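Next, two complexes with subunit A in common: one pairs it with subunit B, the other with subunit C.
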Partner chain A sequence: MDAAWIALTLSLKVAGWATAINLLLGVGVGYALARWRFPGRDLVDAVLTLPMVMPPTVLGYYLLVVIGSQGVVGAWLLEHFGIRLIFTWQAAVIAATIVSFPLVFKAARAAFETVDPQLEEAARTLGIRELAVFFRVSLPLAWRGILAGLLLAFARALGEFGATLMVAGSIAGKTQTLSIAVYEAVQAGQDDTANFLVAITSITCIAVLLSAGRLVPGRVLTRG
Partner chain B sequence: MINHCDAQYRSDMTSHTARFFTSLAAAFIGLSAQAANLTVSAASSLTNALRDIAPLFEAAHPGTQLQLNFGASGALLQQIAKGAPADVFASADQETMNQAQAKGLIKTGQRRNFVSNALVVIVPNRASVAPGALSDLIKPAFARIAIGLPASVPVGRYSRDVLEAAKLWGAIEPKTIGANSVRQALDYVARAEVDAGFVYATDAALMASKVKVAFSVPTAQSIRYPVAPLTGAPNADAATKFVDFLFTPPAQSVLAKYGFGKP
Partner chain C sequence: MTPSAAWDIALCKLLRHSDTHFALDVRFTSAAQRVVLHGPSGAGKTQTLRMIAGITAPDAGRVAVAGRVLCDTSAALALSPQQRRLAYMFQDYALFPHLTVRQNIAFALSAGWRNPSRTAQDPRVDHWLRSFRLQAHASHYPHQISGGQRQRTALARALVTQPAALLLDEPFAALDKPLRQSLRHELKELQAELQLPLLLITHDEDDIACLAEEVVYLEAGHVTGLPLHQVQALDSPLATTD
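Entry: the complex of A and B
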């Protein structure tokens, strides 16, 4: 059952990377949308939320068209750097990042909006620079809501299947994540393997949720 | 008085709610209980041909509606083994059908081969190099080779078997990109995400604008597609008629149009 552990490690790696990228992107975009008023803000919010509501197959197709070796970005990468993204674990990270992005930026935006602007103003009157206001006032006050979003995003990235299968394929030991390994095992009628993988997945998810409870005491998950 | 009105209102609401959920349940059950449907689970490579045959069959048997379910033969077998209400099974290889037979899922007496196919190696149309023989595939120019997953996709098993027979499987396996069906392997080549791929001649012909056949691969056993009605068929009568229909001249001419050979 070594293959199952490799699949688990890969799933954790992909979800970890996706969550780390979303920590930067989601918090940044969430803060920008919470603080700046500009025309079309609602439209931007809606477009950025799309990955959460769109079928994963649609997302997978978009990704193939963009980062595939004949796609706009994919062709450029291939020509200048000789990089082919499709069928790599990095492609799985890209898919997982996009799918879980709305969970982080939505939570971050809501969390920043609950931060009292007067506290930020008070900090400014004390002569603190804008960047320091963000890191010493806004972010600490919004942190619990953001963390809740990040945990949900990690869980979602761990379970990502459709778009990942389309752009990263199913290469054992390389791009075959837990959810894809389960699919393969069921398709091939290997019920023993499927049972084992499903058990590992369930235990992993429970472990993630339990450690989420430890990490974020109180009612954060319902507040997010 | 007020209390009375209130009670009246509440009982009205309750009966409305009950009626709403009853009609909802009826609609839901109605969806799954349409009579005279015939469900055919068929190998992906048959997709286009069977979609053309479906209206011919329906015209010849008014009142029967055909539902086509395509996938890798191995995946379809698993669905049927787990109780999917299919009537007919058409597999792309004998091995999958043998497994269905061993599990008692098909009417063995009515199992017949209805078409044959050929294994080919294809490359993207724009590829600068094309392999001339199996042994060329070990060259670095072919870094990624699409192949059906041997565990569930017949074309993958045929491909693995010929590579093993040629003592090349060990060198080529690390470069393979597993596909969930022959059509997925075809798509990978058409998008030039892989440098070569193993598919059926009939699939390659469908994408002639995007892929080209490098060479055909002779297989130890000829590739023949078996079809059979299922023992658990909800619509057993129509299942037999459909299997028979595949051997009639109109159906065989559609299959021939797509490049399938005589069994």
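Entry: the complex of A and C
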């Protein structure tokens, strides 16, 4: 069962990194889309939502085109830094980040849109600088919605299979995450391992979803 | 203490609503300490106040309050709302719902990235809690207190910054009538005590009777109708409005 624990730890590591990156990216993009009006805003929103609706294998293919050794970014990284991303756990992080990104930025945008712009304006007239307004007013008021999105994204990243398999492969102990290990175990007819892996995956996902359910805004803050 | 022109305002902006466009062009100067901006709904009163506070930018114009030029588009000068040091009270007060009354009042006193703590003591905050009789509610959240208490919390939150002037958008509209009367007098006393220039928007003619030294009447984005400098010691309602 050691292999199962290794796969679980790797999955948690990949999902944790993906969620942390999405915390920064998703909150930033969500805030920008909620507060700035610019032409093509709907198009940007639609394009950024694509990873949620496209087959993961298609995303995986796009990723290979970009970060593969022959890819635009991949070739550049290899040439200048000697970094080969494909078939590393970092590639799995990239795949998981992209797949779960829409869940974070959608939740963040919706959460920021519920924050009354007047509250931010009030803070400005009180002499508070822009960045501080964000951290003292916008973010605390949107935080619960964002957190719920982050937990869903974590669960989604934990279960990511298709894109991950294409860019990170299935190297046991290196890039073989839980969901890929399940697939391998079933293919190899190792029913005990498969059962065990499936059980841990299910328990982890249920735990995450239960926490997310508690955070979805139930307590609506009334405006003063 | 009283500067020659407490208010020197000239603002132009094309306002776009869903169906109509209209050009706001508001100009007035006044040496009065208490000026009331009056007029029908949609005349551009709130827009004017927002431009004075620097929340919205005018297309062109100049704003000088209490002898300080805050905005002059011909000189490419436009101070941010942070730099203007004007107290702005929103119609529904815009209290921070995630902060207690004490934290709301202390909000402007901590400049960093973090909100004042729930227990932090500051003599300036205590002073306003005391003078607005809010001590018993210091640890309550805005949704737990009454309309009048919210109004005073918002006023205290703005006054604690020692602003150069007070801008109030329909300060009493959300309150019931008897309360309005007493808060109106309270505001007048407060203004006399602090000697702060005060500009307030109202629909209520009782507000004008009690508070106005001068009335600026706004209609469809322009200063019209009532002549200025004539509204001292008013005891009867003014021209009929909406």
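Just so we're on the same page, the second predicted complex is superposed on the first by the 209 of 224 C-alpha atoms of A that agree within 3 Å, B and C clash if a C-alpha of one lies under 4 Å from a C-alpha of the other, contacts with A are read in each partner's own complex, and residues count from 1 in each chain.
Keep this in mind: a contact is a pair of C-beta atoms (placed from the backbone, for glycine too) under 8 Å apart; a residue touches a chain by one contact, two chains touch by 3 or more.
Since this is a predicted model, take the numbers as computed values, not measurements.
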Overlay on subunit A: subunit C relative to subunit B, clash or fit: fit
Partner chain(s) touched by A:P39 [first = subunit B, second = subunit C, both, neither]: neither
When both partners are placed on the shared chain, which of subunit B and subunit C touches more of subunit A: C
Partner chain in contact with A:G82 - subunit B first, subunit C second, else both or neither: neither
Contacts of A:L126 with subunit B and subunit C, given as first, second, both or neither: second
Touching partner for A:Q190 - first (subunit B), second (subunit C), both, neither: first
Which superposed partner A:I171 touches (first subunit B, second subunit C, both, neither): first
Contacts of A:L141 with subunit B and subunit C, given as first, second, both or neither: second
Three-chain overlay, closest Cα atoms of subunit B and subunit C, distance in Å: 41
Contact footprint of subunit C on subunit A as seen in their complex: 116, 118-119, 121-129, 131-132, 135-137, 140-141, 221-224
Subunit A contact footprint on subunit C (complex, rising order): 53-55, 80-82, 84-88, 90, 92-98, 104, 107-108, 111-115, 141-143, 150, 153-154, 157-158, 161
Touching residues (chain side subunit B, partner subunit A) in the complex: 72, 74-75, 77-78, 81, 144, 149, 151-152, 177-180, 188, 191-194
Subunit A to subunit B touching residues, read off their complex: 64, 68-70, 84, 86-87, 165, 169-172, 184, 186-190
